[in-house]
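Chain naming follows the written order as A, B, C and D, and within any one chain the residues start at number 1.
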């Protein structure tokens, strides 16, 4: 059951790398991989549209969002103080599968956001992360992720973990015999496509959380349609989680 | 509960709050957020004879107090709409208004005739004004003679309530409104989107895949309100007000200047339950004042 | 300092940032907030042959991301302007562009001739598009034949740079722009305000004393950007972009789609120092990229 | 010298009667009766225009504004927290005269706002207030005003001070021999016109701070022109303080 409510921000916390955590009371309990549409709840009309934001965490009626400041909307949202009114619509979209024994969660940059809750809630026997950041300075919540499952960090400059890309780390792990039943990724599209390449090479099952500009998040505006190599998809309604085959040219 | 009924053509709407084409999906998307039975009616996404994929690339961009869209009239086509979509919404106790468009008079007529066969469709809304279609922009919507003859041709093949939706991208909306009236429209609805553009200055490209798109949202409300007022003064058929409606105050403003009903558009994206809030708000507003809807409509002092 | 000079008609602007008519008073009002020498130029309040009192009642109302005004072209008249106002601003090292209007071709010509006698006036901006004047709204601005003949008539009596300011309340702005070009304009400036209205729902009257007014501010930027782009593609004379400009990003957007210069309007009310910020910002932007202004102008990828 | 600056709110304090106090660092020192234009400083474009607000107090570089929530703009301004960015332009307009020996400051409702600073800064030997509110419940800062000068309270329902209108109180005072050299008023236009009637009757000098919708506050938009009985005035530039004769029909 989805809802659209105006509620007061319970807590705001700055995080490294231009990010912040926003906690808002929200029911019902979302599924891992779902997202919400977040906007101002005070009646201003600028910024106008809500922003799609993944579930970073949900616990006992408190929803936590991890948001990176990239433009005007996220900038102004980040300046809201606890007590300010926001509108939250959700939970939206499909979710990550949860039927595998060994899952590897791969996140790049702000794409790590949905993976915390996904790993925390996963019933898989064996869960691990590969988290990629540009550098140690631009990484965040590394401790929090480590508490949920073992993390392999990689970074562009080697300042955090190994100096390689997430898909290279996955390749190396599989080569070393650590073969996941399912790979779950979220991050830049190039990273996800590269991970799919590795998954395909090794015959691994992989799912990916896509991004697209959204107007409504509920399938009403048709604004989020993207033409992927594998299909033209309405990200908010058919996703945001898609099978890796979406990165392959349709025959 | 105040009597909120409104008569448009042969259709009686249970209240004057409708949702605007292209902003309410095909209907079911909003089930979690509101009771569709509460609405006066809803206008479907614009339907064409054949399915249409719409525009590639970025389709939506936010602007100050509004948004641009260049969806490109993506839709499932009339066949799929009648066979698959309509049955899913047929049970809703609310008026179903099918928004439709074509690129020639012939196709407009064919489509209107096809849609008229369905008993469950309450009204047709003819979209003359989509600025997103590449073949020349708002061609139908700007030429009063074309509007009159097209309306007359469609009028001949349908007994359903026929609403003509007007483009604001014209010098004088009262001219196009009168043309629709002369052609036999039961009502005019206005405004569709203003044509606009946005640039992505990092890449130095237009943000929208289609370069230009339709501007909607609170930003355009003053223009819409002016056009509705001008039009309501010169036509005898009902005027349906559209443009930036998001609050009860907005609804009242449009009714005051003479709109017989209103459509809520982009605001559905911000709060998918807003249309029902507006119905309830209007009911309360009139009840508190002991005023009838008829007394409110057009009561702005000139 | 990058070379920011721009040539329009016989005038060389030291940079492309101007302030828009009616939003910058007569100039001195802004002295505390910016260095007027820094500006490319400023357009005066619209001047008419005789003084004009403007509209009674409420003249300004805020709208989502914008405002409506119905000042009604209040101004001191050409005589007082030349004798009293102009001397006060004559010493500013910046282009003085006198915005002017009349209600007949005869008066337009008389006024242009009078203004042309002053050496200190750099350019004339002919306002065809004021929506606030009661006598029929945007009459001059909507008729291409009238625009061409009027421009030609004014052209005959002035050697100054002649800018024709266009109304956005038309079906196709490229038609009116071409008419101004054909009449001999040195440049076109666009857009003037969109016509809109607002209602005070407590009193059930129009908020503005004049009922309708001109919509300006960030809300209209997408429409302005689209019209400037369309116009810059079809005319050979420079296009001056106006509409919702408030930030450096806005300036760059207009230059990218082909504006040779821009005018800052309502944003002056929010931050009276904004125009100088924009000059400095543009300078830095180009310097950082080692780019020339010429390379930037019109460089949007199509 | 006027300025237009973006600055962070130093303090916000709710006050009875839907009002709040906002403190912002601002130089230079304003004159009593002047006002500022106040807007959001975070780059949002809605609400778009700045709001004219009187100087409630200024002390050592800290400007305090007393604001009543009446519409969208003041509502959203009131929801800002300390630290939020606002734009302040000013100080604007003319000021109250300060050359009288005995001054009576008369305020109604939110019109009391400019009178605190005016009385505090006045060099007059004898200063007193007549402050009118709808009721005791809707009155505010009564203690603060009392510290600056003696106050006579009046209210519509008699729940605060005497049940009468401010102009009636002035009339009574003058009748009782307490004749001010100057009457300074701010409040609803009807109240000010009534005070002028009393002032005229007794031959008192009176000045009034007018209100008008403003676009710019600096004389650039011509939006604030109002046709008063005595003259058509551009409130922001020629005022906001006007001689009482403005309420008299021009011959």
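One rule holds for everything that comes next: contacts are C-beta pairs under 8 Å (C-beta built on N, C-alpha and C of every residue); 3 or more make two chains touch, one makes a residue touch a chain.
Values in this document were obtained by computation on a predicted structure and should not be read as measured data.
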Problem - Chain located farthest away, centre of chain D as origin (C-alpha) - result: A
Handout entry: Centre-of-Cα separation between chain C and chain B, whole angstrom
Key = 34
Problem - Geometric centre distance via CA averages, chain D-chain B, whole Å - result: 47
Problem - CA centroid of chain A to CA centroid of chain D, Å - result: 52
Handout entry: For chain A, residues contacting two or more additional chains
Key = 43, 45-47
Problem - chain C: positions in contact with at least two other chains - result: 63-66, 217-219
Practice task
Select the category (line, ring, star, complete, other) that matches the graph of chains linked by touching.
Solution key: complete
Practice task
Within their complex, state which residues of chain B touch chain C.
Solution key: 63-66, 68, 138, 142, 169-172, 194-199, 201, 203-206, 211-212, 215, 217-223, 225-226, 229, 244, 249, 252-253, 256-257, 299-302
Exercise for the section: Within their complex, state which residues of chain D touch chain B. Expected result: 45-46
Handout entry: Contact set on chain C toward chain D in their complex
Key = 22-25, 29-30, 32-33, 45, 53-54, 56, 58-67, 69, 71, 74, 217-219, 246-247, 266, 268-273
Practice task
Mind listing the chain D positions that touch chain C in their complex?
Solution key: 1-4, 39, 43, 45-50, 73, 87, 89, 213-216, 218-225, 227, 232, 237
Handout entry: chain C to chain A touching residues, read off their complex
Key = 64-65, 218
